[in-house]
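Input: one structure, supplied below.
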Amino acid sequence: MLKIPQKTSKKLIDKAGIRADGRKPNELRPTKIEVGVIENANGSAYIEQGKNKILAGVYGPKEVHPRHLTMLDRMLFRCRYHMAPFSVDERKSPAPSRREHELSKVITWAIEPSIFVERFPRTAVDVFIEVLQANGGTRCAAITAASVALADAGIPMRDLVAACASGKVGGHLVLDLMDVEDKMGEADLPVAMMPNLNAITLLQMDGGLAMDEFEQAVNLAITGCKQIYALQKEALKARYVAVKKAVEE
Amino acid sequence: MLKIPQKTSKKLIDKAGIRADGRKPNELRPTKIEVGVIENANGSAYIEQGKNKILAGVYGPKEVHPRHLTMLDRMLFRCRYHMAPFSVDERKSPAPSRREHELSKVITWAIEPSIFVERFPRTAVDVFIEVLQANGGTRCAAITAASVALADAGIPMRDLVAACASGKVGGHLVLDLMDVEDKMGEADLPVAMMPNLNAITLLQMDGGLAMDEFEQAVNLAITGCKQIYALQKEALKARYVAVKKAVEE
Amino acid sequence: MLKIPQKTSKKLIDKAGIRADGRKPNELRPTKIEVGVIENANGSAYIEQGKNKILAGVYGPKEVHPRHLTMLDRMLFRCRYHMAPFSVDERKSPAPSRREHELSKVITWAIEPSIFVERFPRTAVDVFIEVLQANGGTRCAAITAASVALADAGIPMRDLVAACASGKVGGHLVLDLMDVEDKMGEADLPVAMMPNLNAITLLQMDGGLAMDEFEQAVNLAITGCKQIYALQKEALKARYVAVKKAVEE
Amino acid sequence: MPSIIIPIMQQKQVAQAISKGKRLDGRGLTDYREVQLETGIVSSAEGSARVHLGKTDVLVGIKIERGQPFSDTPDKGVLTVNAELSPLASSMFEPGPPGVQAIELARVVDRGIRESEAIAVEKLCVIPGKKVFVVFIDIYVLNYDGNLIDASAMAALAALLNTKMFKYELKDGEIEIKPGYTKLPVKDHPIAVTIAKINDILIVDPALDEEQVMDARLTMTLGKDGRVCAIQKGGSGHFTAQQILEAAKIVQEKSGEIRKLLVKD
Amino acid sequence: MPSIIIPIMQQKQVAQAISKGKRLDGRGLTDYREVQLETGIVSSAEGSARVHLGKTDVLVGIKIERGQPFSDTPDKGVLTVNAELSPLASSMFEPGPPGVQAIELARVVDRGIRESEAIAVEKLCVIPGKKVFVVFIDIYVLNYDGNLIDASAMAALAALLNTKMFKYELKDGEIEIKPGYTKLPVKDHPIAVTIAKINDILIVDPALDEEQVMDARLTMTLGKDGRVCAIQKGGSGHFTAQQILEAAKIVQEKSGEIRKLLVKD
Amino acid sequence: MPSIIIPIMQQKQVAQAISKGKRLDGRGLTDYREVQLETGIVSSAEGSARVHLGKTDVLVGIKIERGQPFSDTPDKGVLTVNAELSPLASSMFEPGPPGVQAIELARVVDRGIRESEAIAVEKLCVIPGKKVFVVFIDIYVLNYDGNLIDASAMAALAALLNTKMFKYELKDGEIEIKPGYTKLPVKDHPIAVTIAKINDILIVDPALDEEQVMDARLTMTLGKDGRVCAIQKGGSGHFTAQQILEAAKIVQEKSGEIRKLLVKD
């Protein structure tokens, strides 16, 4: 999308600690999770987090394809993160970039610890993530949606995986960075965790943080994950109620 | 081929209804079909239709490769349409374009109904088509040649598939469009059929035709297919005679 | 590497027959061969020949992968020649070029006659060659190193394969051309052979040589191969001594 | 591609029902499934639309970027259609470069838009031979239950009608973006209607289970004045000449219905 | 690549015949198969030629396009050779990007043309460092019965000799095509001759059944003054130094014969 | 990728030793293996360094070329990191385009250099928006025995510090090379330290046998003032928040040690 070059006179965060979109430093973007949105998938979820719009769909457990990847003692678990060409300002080629390959891998690592992979030997579970609209923090939102989709598919899990970034913007530590904060800010620190198990399963960082800031930022991200976790459970509950109603009618 | 930009003062069709190359509206281009032109192929044919020069070769029935495509109840039938880099004015990359991928598929669909695929379970038949020189209407000429090549290979068929385009040029409905008519004209409507079975197996269209024109154009294309059909049979007969002679000598 | 455009006022060879780097026409570049330089490989060697720096590593005999390439009566023998992106002045894309594909094949052909491939049916031996710094004559140096690496891996061989180019530069026949001689000279003739068997296993040529010059050039290259052969044997001996010492200590 | 095996029993049921003039989901032979349309849902795109055609779910996003014209049309903008069959949408789809199904889908939608001259590409030229705008139409299939062509063509048209273009001016031969938007110049409203043949009977808008037993399909794209702009026959079966004319009549009627759903004026 | 299995019996026959100084098709050891040449057969190409060498059938088309020079040869046109082993030509060939056999074929033909300086590339420069002509030599193999290198090199040379170049003038730094044609400037006539070694005996122009039992092959390309311009040894066998010199003598003789067939003046 | 199967017995030994605070190769839990550094070994590269970390062997070459800036950073040079896992280096690596392991390696090293602003990219701009220098950092893995990230980051930093840039001047908008060299402007010295977790115990610099039994790894890259510039968690396990802070402390200490080895001043 061609844009008028913006004068960055607008501050990312003002003296009162209010961010460009009106949020407080430790405030999440408005977030909505829907469950069971892809008819053909075994499980699926949709998340809107600020201007992010992301779909996740689960296929499996199923036979492994190609077959030589079959593992005799566990499930093959794979996530694929992919961005639609129109999800960003400048059209992205549909072929997966190196960034998308890396994110697919770290997302797989972030979610796999939550799955009882050893209960489904010789099978595969694939999670397909499509970012339809991107505005910063898509890997976290993708993890959040993917974990809910896996629950919707009935895959046995130790806990849900909830994800949220913290970071540093205009000298302040903030939660859940949007795109302009990610790009213009000082640091971005995405975190994923299983809140009930106090298990951090994704941790990345870009930018610059002093050691004490780093510690605070990790803790701030954890509070974000916990809020996201509550939204995940609500969404699953709503789905359960809806299904129950549908069955009873 | 770098060309002097042509002034399109020359009309595609003149007041007397004569086309740029001297043909009448319902006249085919000079067309020549030869059978048995590729030594190694199980069957082959060569067609010159106007300035088109196209080879088709058949390999099979044979084992399916890759093996997982084997079908237990029928033959795997595949056509591959490919253009030589020097077959068009601006050199074409040898890698198959999206157009070539699509044409391979619609040509396969056009010819497959003529084959008794269920008589050859677990086998494959491949038809390889090479366009050596292109001047409009190559998909039709390719189908015409491929069907003859299949007959030459002795593959049992319900009928030959004959193909010919009609279209609209300079306000007139015309048969068998050459390149400049295809590009500068109002519509191009390639048709393939098994004439004896009144079965249309390929129908595509680009351009703009009113409904009544469309009906007339379909009928015109059918007359073209029937003329092509006669040429196909002649070519096969000539080959049969030639082979018979060769055997008797 | 961006360079100041060189004035080629400096002659490739002067009146006294001395080459730009001070060598006589029939003199090899300073050459050093080391054996056993890659810990993980079954055998390995490193060669410095003038400014060439090349590693060769051998993996195998091992199972064939992909499996359908398995040969029931002999070993599958493959060499892969690859240049590091920084090995040449203008950065080379890491994807193998057509030149690298061809060299991989001619190197395989050059070395395979030395291997008792029929003694290892159903197995594969892979030789991986990495050119870290290139300055003309890399295919020959690669063959020299690869053959030593195969000996280090204990693969039974008829003889070592030694390689060296001859050529014509500034009107003189010369041995072991460096890059500038290869590019600015009149001819380059790389040769590989098993000296004890008088068997030439690689012969290529680029440039222009009269027939009598060609005959002299072949003989000159053969003398080069024999000198290289001596260096190969020395290197293997040094390795054997080193291993023996290490074992005895 | 791992295929979905529809049980033989169900295949027979689909075919038998159609022989009796019925369809398993209760539709009449020439009925479309329910069409749901949302537009403007992707703010990173210049235009977007999502169409549910029964359970088939297609999202189209439009991007407009600066580019160069083709050498044979120096004074026209460029139109590019691409289709992704997301593995999200069906166990029949796999990650990877577009296969022939995606290529055909993109090309059929492309021809409908191009041949109907739906976009006034001459208005997308900035400096003839040098600078034009490129319109990217990206078809994204999110759930696959048959008849992707019609659903994608609908979503593409709706997205084009929804597309905003930035204003610009030329300064020293460079495009300079100005505040405000205009509409993308859309001149025609092509509608693709797909007919499938099952047991020699023609039906409209085949669902996946119907596609899997059909002999062949025929897609006709009509412009708003009723002229035929593009045709595609698919599948390893045939049509008689009479069936084609019969199909054309059905398409004439259905294309008008669909156009009313998409184009409000 | 699925290989053609030549029955062991036939392999033995090929080798035994050669040991007795004979070949299964009746040729002498240093005889070429019959060469048939047609030129100018592809009107969409600037030049073309088709060579039948026995049952081996190769078509070469030449295209000339505008392009940029390489940075190390700013004042020279560009030469590009590409080879396609059409799956039409043999059950041994498969569709797909060029494999190593096609790459080697293209590169050996390329070196013969390049090193003999057959094309006066300096005359293909329009604006040094900026605009030159690119000569594309596309080798298209239509039937494969051995010795693709010699057949392709013959067809490439014949096609170059047959190539017409448009006239042009420079206007404001742009190439403007003018009426009429000139010949492509061809300075030399390189001929490639391939020798195979079977049971330590050298033969010329190996057919496919001979290629499949040969130990090694040696291709030498000679310019019209008899100098050696390019050499390629192929195959997993060896030659002695003496065999190489013997081969060179055969090549000297045969290259003259072939040149006479291709170059009329 | 054919995996190396580490015998179960050895896997148990690795884990048991660590549970007792020991490592099979005798190191303490937070000890690096021996680091050997050579620089300036590739004369065709503008800079180069080879690092042996125990048996892990990584060569990094730096190339600097003319290029264009990205449109969002018109006044900055371009940094590109690429990693090749040569099949020479391990039976686990295969020839072919970079897999996800190589991609992750390149991206983690890239982020460490980029986020620490190690290279003064603003000094690599020649004409804003038009001409800049591109720095290619090519990581070449020659022997693989675990912890490629730390070894590669060390070699990359050492190679950058070793990089010479040609002098140039602008003449009529073109870059003209002049005699002599300057140093590449390097502002920071990022050090990556990787911690692995095995049986809930943190260790530094995992060797291959340790990588194969570890639950997860955490790489932190620190700038010379001790700030954290980049983090990457890898592997299908987890860390507690407390373990992460514990790891950060270890990294602080070890990064200083490694920096002293690489940066002399």
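Every chain is named by a letter (A, B, C, D, E and F) in the order it is written, and numbering of its residues begins at 1.
Going forward, a residue touches a chain if its C-beta (ideal position, glycine included) is under 8 Å from a C-beta of that chain, and two chains touch if they have at least 3 such contacts.
Since the structure is predicted, the reported quantities are computational estimates derived from the model, not experimental observations.
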- Touching chain D and also chain F, the following chains: A
- Message: Using the contact definition given at the top, which chains are in touch with both chain A and chain D?
- Response: none
- Task: Hop across touching chains from chain B and tell me the fewest hops that reach chain F.
- Result: 3
- Which chain's C-alpha centroid is most distant from that of chain E? A
- Message: I'd like to verify one number: the distance from the centre of chain C to the centre of chain D, where each centre is the average of its C-alpha atoms, in whole angstrom.
- Response: 57
- Compute the distance, rounded to whole Å, between the mean C-alpha positions of chain B and chain C. 52
- Message: How many angstrom lie between the centres of chain C and chain F, each centre taken as the mean Cα position?
- Response: 31
- Task: Mark out which residues of chain F touch at least two other chains, giving numbers and ranges.
- Result: none
- Message: Can you pull out the residues of chain A that are in contact with at least two other chains?
- Response: none
- Task: Could you classify the connectivity of these chains, where an edge means two chains touch, as line, ring, star, complete or other?
- Result: ring
- Which chains make up the ring, in order, starting at chain A and heading to chain F first? A, F, C, E, B, D
- Note on the structure: Touching chain A in the complex, chain D uses residues 2, 41-46, 48, 55, 57, 59, 61-66, 82, 84, 86-91, 95, 97-98, 136, 138, 140, 142-145, 166, 168, 175, 177-179
- Mind listing the chain F positions that touch chain A in their complex? 100, 103-104, 106-107, 111, 115-116, 216, 218, 220, 223, 226-241, 244-245, 248, 252
- Message: Which residues of chain C touch chain F once you look at their complex with the stated criterion?
- Response: 1-5, 38-41, 44, 51, 53, 55-57, 59, 62, 65, 80, 82, 84-91, 94-96, 126, 128-130, 132-135
- Message: Which residues of chain C touch chain E once you look at their complex with the stated criterion?
- Response: 98-99, 101-102, 104-106, 108-109, 112-113, 189, 193-194, 197-211, 214-215, 218-219, 222
